[in-house]
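There are two complexes below, and they share chain A, which is joined by chain B in the first and by chain C in the second.
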Partner chain A sequence: MSWDWAYAWQIMPTLLRGVGQTFLVTVLSGTIALLGGLLIAVAGWTGPRVAQVCLRVLVEVTRGVPILVLLFFAFYGLPGAGLRPSAFLTGVVVLGAVYAAYCSEVYRGGLASVPGTTWDAAAALGLPTRVTWARVVLPTVLRANVGALANYIVILYKQTALLFAIGVPVLLTNAQVAGYESFRYLEPFTLAGLLYLLLNLPSVWIIRRVERRVTRGGF
Partner chain B sequence: MADSDPTTLPPAAAPAVKAGPAGDRGEPMEPAADPAGTAGTATVPAVEFDAVTKRFGDAVVLNGFTLSVRPGETVTLIGPSGSGKTTVLRLAMLLDRPTGGDIRIFGTSIVYADPAGRRPLPPAQARRQARALGMVFQHFNLFPHMTVLDNLTLAPRSVLGLSKSDAAGLAREHLGLVGLAAKAGAYPGELSGGQQQRVAIARALTLRPRILLLDEITSALDPELIGEVLEVVRTLTTETDITTLIVTHEMRFAREISDRVVMFDHGEVVEEGPPATVFSAPRSPRTRAFLHSVLDY
Partner chain C sequence: MSTVDELGPYLPNLAAGLLTTAEIAGASILGAAAVAILLGTLRAGRNTPARAASGGAVEFLRGTSVLVQLFWVYYALPSIQGAPRLPPTVAAVLVLSLNGGAYGAEIVRSGLLAVPSGQRDACHTLGLPRRVALARVILPQALGQIVPAFGSLAVDLAKWTSVVSFVSVQDLLYWGNTVRVQTNQTVPVYLLLAGCYLALSGAVALAFRAVEYALPISRARRRAPAPGRPARRAALVRQGRA
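Take a look at the complex of A and B:
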């Protein structure tokens, strides 16, 4: 079996549609991960003991169960309970939730490392709680952890391929479909791999730029 | 600092706190709450520690600490490390809560909502009371991710509700007072320790506190940077009527600027008096031993 350029060109539009879906899923579940993780961490930090325990359990379950199991549970299991979310919505929410759990651990560590002197200074200035969090604590946490968070988003981007299992038309799914229709798998999967790689390359550069920007002024 | 105009120092007398009665809604008057009978006039102490106790677990840090600071007075707490001096300042600033006793700022409790001392003051109300106080820390505690100017405008904007330009004006005015007007755009990490501490002093002053708490503000500084910070404090204490409560190991400085020195050991006041007396003719053997160890005679 040799490489067929004509066939490669022919399946390109299908693959690029998959690229679009992959990005869409990454952006949506990435947003859930970053904001949800923050919410979990702050709630766990400030909330009552009961809330902290509930969140702890949620985080451990989400982190401890394989993503595929969670995906199948949500996609095949939830309809049994009368819920029928689309495959796309299921995939976005499950991926977002799993990475929210990971991100919450990053935020939690970041919060724990905000020095007591910072809280003291904010309190001595009489800053309202909201201002202390928004202007002092969270910027400190984000500055120190932007790299770790970005890293999770990059992994999340690759893990979108898992949504193949429930038929969301991400890049891998479309490659599989193209191959299945013509019984030629070399070109679709090679191109899919190359596309995943190529599209991920700028992220390294972007992360470094963001990191440099937010850590301006030294520590 | 030398060329700043001392007459522009912040009017420390500007009332920062409404000294509203904390718990006299319809309750019978308790004249016993004011045993000396001095309340109501200018003699209300700026800060009053009334039999304050503080325990961390089993460790007793303060044991019935009582001290009254008059408005405009400069009082220095001296004593061995771990004797509870910093805790005194932290309690006044509401960074910690006393285990027992009461703390009053211009006659109003910052600990209790009722005179009997049973209901704790709600945090928001306590915060409002504490607006009369400003604090400067040993490690400066500037916000590292903000420029000097942002460090100074954050509280005026969010606490006093000033507009961006008003807050910036106020900030620049105070930066000028500590001789650092040129550093408004710098980040704390780009300044020397002495400069950072001067910024921290300016930041504490932007809210125009009537009482300033200085917690070992030169302890983290290289020896050659101590002078510039002390110079700022000297100007403040001599040329404004701000009340100052100082914890320091700079004995010469304490002697020079204090109206009163309080020697502290194991959570208790050992001795207090004018600096000349405490430093030159200490009555207590513990004071003598302490001064001997720090003054390196």
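Take a look at the complex of A and C:
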């Protein structure tokens, strides 16, 4: 069997719809990951000892179990609890939660490396706690860790392919459906792989530029 | 019927699945280590074409996820004339080794480059052949950084093996899904699965801790716990080397 351009052209619209869904999932899950991770890290930092331990255990479990297991657990387990979210919503939330756990570790490391003198200086200036966090500590942490956080978003983008497992029409799912309908897998999977690769390439370059710009400035 | 009664008959299947997962994970970790050493040393080396080629290979392999690559090798590759139809387990180990190896190559590269350049100069001054310098001086120091980082990659690989259930390899996740369909005990089944994967991740992490502990550089550090120079010199004097 050899490459069929006509067929490749014919399935392109389906694949491009998959690209759209892939981006949508990445943006939504990425937002959950970045904000959720920050929330976990700050809660773990300021909360009581019990909350800290609980959060650590939760984060470690989330990071130690394959995403597929969590995905299936949510997809088949939630209806038993009376909830019936769509596959799309389940996928977005699970991916977001997993990468929130990863990002929380980045934030935690960032918080730990804020020198004690910074807190002292904020206290000496009489800054309220909220201002200290929002204007002093978090900007420092974010600036120093933009690269690591962006890296996780790129990995998240690649892992959206896993949502194939619960039938969310991301790029890989659409490629599989196209191949299944015509019993030709060469063109859909090759094109899907190339599209994943092509869309991923600029991200590395963009991250490097953003990182350079943000970390260079200081205050 | 209680949960234990329902799941009981399937425990041998789940155990067999766990064994399959562990075997694939073990083979992939070894394969990834081999690929990582090959690509990583080329990336850190002096040969420009080899450096460019290995860099391209790393970016290519890291550009897509394991699942996409596995589907390509399993479904698309056989339709190319003359290409082999790989058994699913072989395809899975191949893809996991290559993908993990690409991530590992960066670990090996940065580990090799992190050894202070003075060490290289010293080898040169002493007239050590390049091969000896790499094997006896550079690598033992680089491994102190490479092994822990590769350990956490190995834990990731153990989790990534779960994608093989999509190409009908009967691994832990495959049996978990089968048992869920048969018994409808969704929550207990996946809790059991999560426990198994956590145990597997823990075992892999522990194995790499052991390797790290046995490394020459770790033994040297234990012998001279204070990183200051006088302590090291004292240790060398005691051994009659200085």
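Note that the second predicted complex is superposed on the first by the 216 of 219 C-alpha atoms of A that agree within 3 Å, B and C clash if a C-alpha of one lies under 4 Å from a C-alpha of the other, contacts with A are read in each partner's own complex, and residues count from 1 in each chain.
To be clear about the criterion, contacts are C-beta pairs under 8 Å (C-beta built on N, C-alpha and C of every residue); 3 or more make two chains touch, one makes a residue touch a chain.
Model, not experiment: these values are computed from the prediction.
Asks: Would chain B and chain C fit next to each other on chain A once aligned, or clash?
Replies: fit
Asks: Between chain B and chain C, what opening angle does the Cα centre of chain A see in the overlaid model, nearest 10 degrees?
Replies: 100
Asks: Between chain B (first) and chain C (second), which, if any, makes contact with A:Gly64: first, second, both or neither?
Replies: second
Asks: Report for A:Thr117: first if it touches chain B alone, second if chain C alone, otherwise both or neither.
Replies: A:Thr117: touches chain B, not chain C.
Asks: Is A:Leu201 in contact with chain B, with chain C, with both, or with neither (first, second, both, neither)?
Replies: The second partner, chain C, only.
Asks: After the superposition on A, what does A:Arg143 contact: first (chain B), second (chain C), both or neither?
Replies: In the superposed model, A:Arg143 contacts chain B only, not chain C.
Asks: Quick one: classify A:Ser86 as touching chain B (first), chain C (second), both or neither.
Replies: Neither partner.
Asks: Comparing chain B against chain C, which has contacts with more of the residues in chain A?
Replies: Touching more of chain A: C.
Asks: Touch test for A:Ser182: chain B only (first), chain C only (second), both, or neither?
Replies: neither
Asks: Please give the least Cα distance, whole angstrom, that chain B and chain C reach in the superposed model.
Replies: It comes out at 23 Å between the closest C-alpha atoms.
Asks: Where on chain A do chain B and chain C both make contact?
Replies: Of chain A, no residue contacts chain B in one complex and chain C in the other.
Asks: Quick one: in the complex, what on chain A touches chain C?
Replies: By the definition above, chain A touches chain C via 1-2, 61, 64-70, 72-73, 76-77, 80, 158-159, 161-162, 164-165, 172, 175-176, 179, 184-186, 188-190, 192-193, 196-197, 200-201, 204.
Asks: Give every residue of chain B touching chain A within the complex, in rising order.
Replies: By the definition above, chain B touches chain A via 90, 93-95, 127-128, 130-131, 133-135, 137, 139, 141-147, 154-155, 158-159, 187-190, 203-204, 207.
Asks: Help me check something: in the complex, which residues belonging to chain A touch chain B?
Replies: 117-118, 120-121, 123-128, 131, 135-136, 139-140, 143, 216-219
Asks: Mind pulling up the chain C residues that touch chain A in the complex?
Replies: Checking each residue of chain C against chain A gives 59-60, 63-65, 67-69, 71-72, 75-76, 79-81, 155, 159-163, 165-166, 173, 176-177, 180, 186-187, 190, 193-194, 197-198, 201-202.
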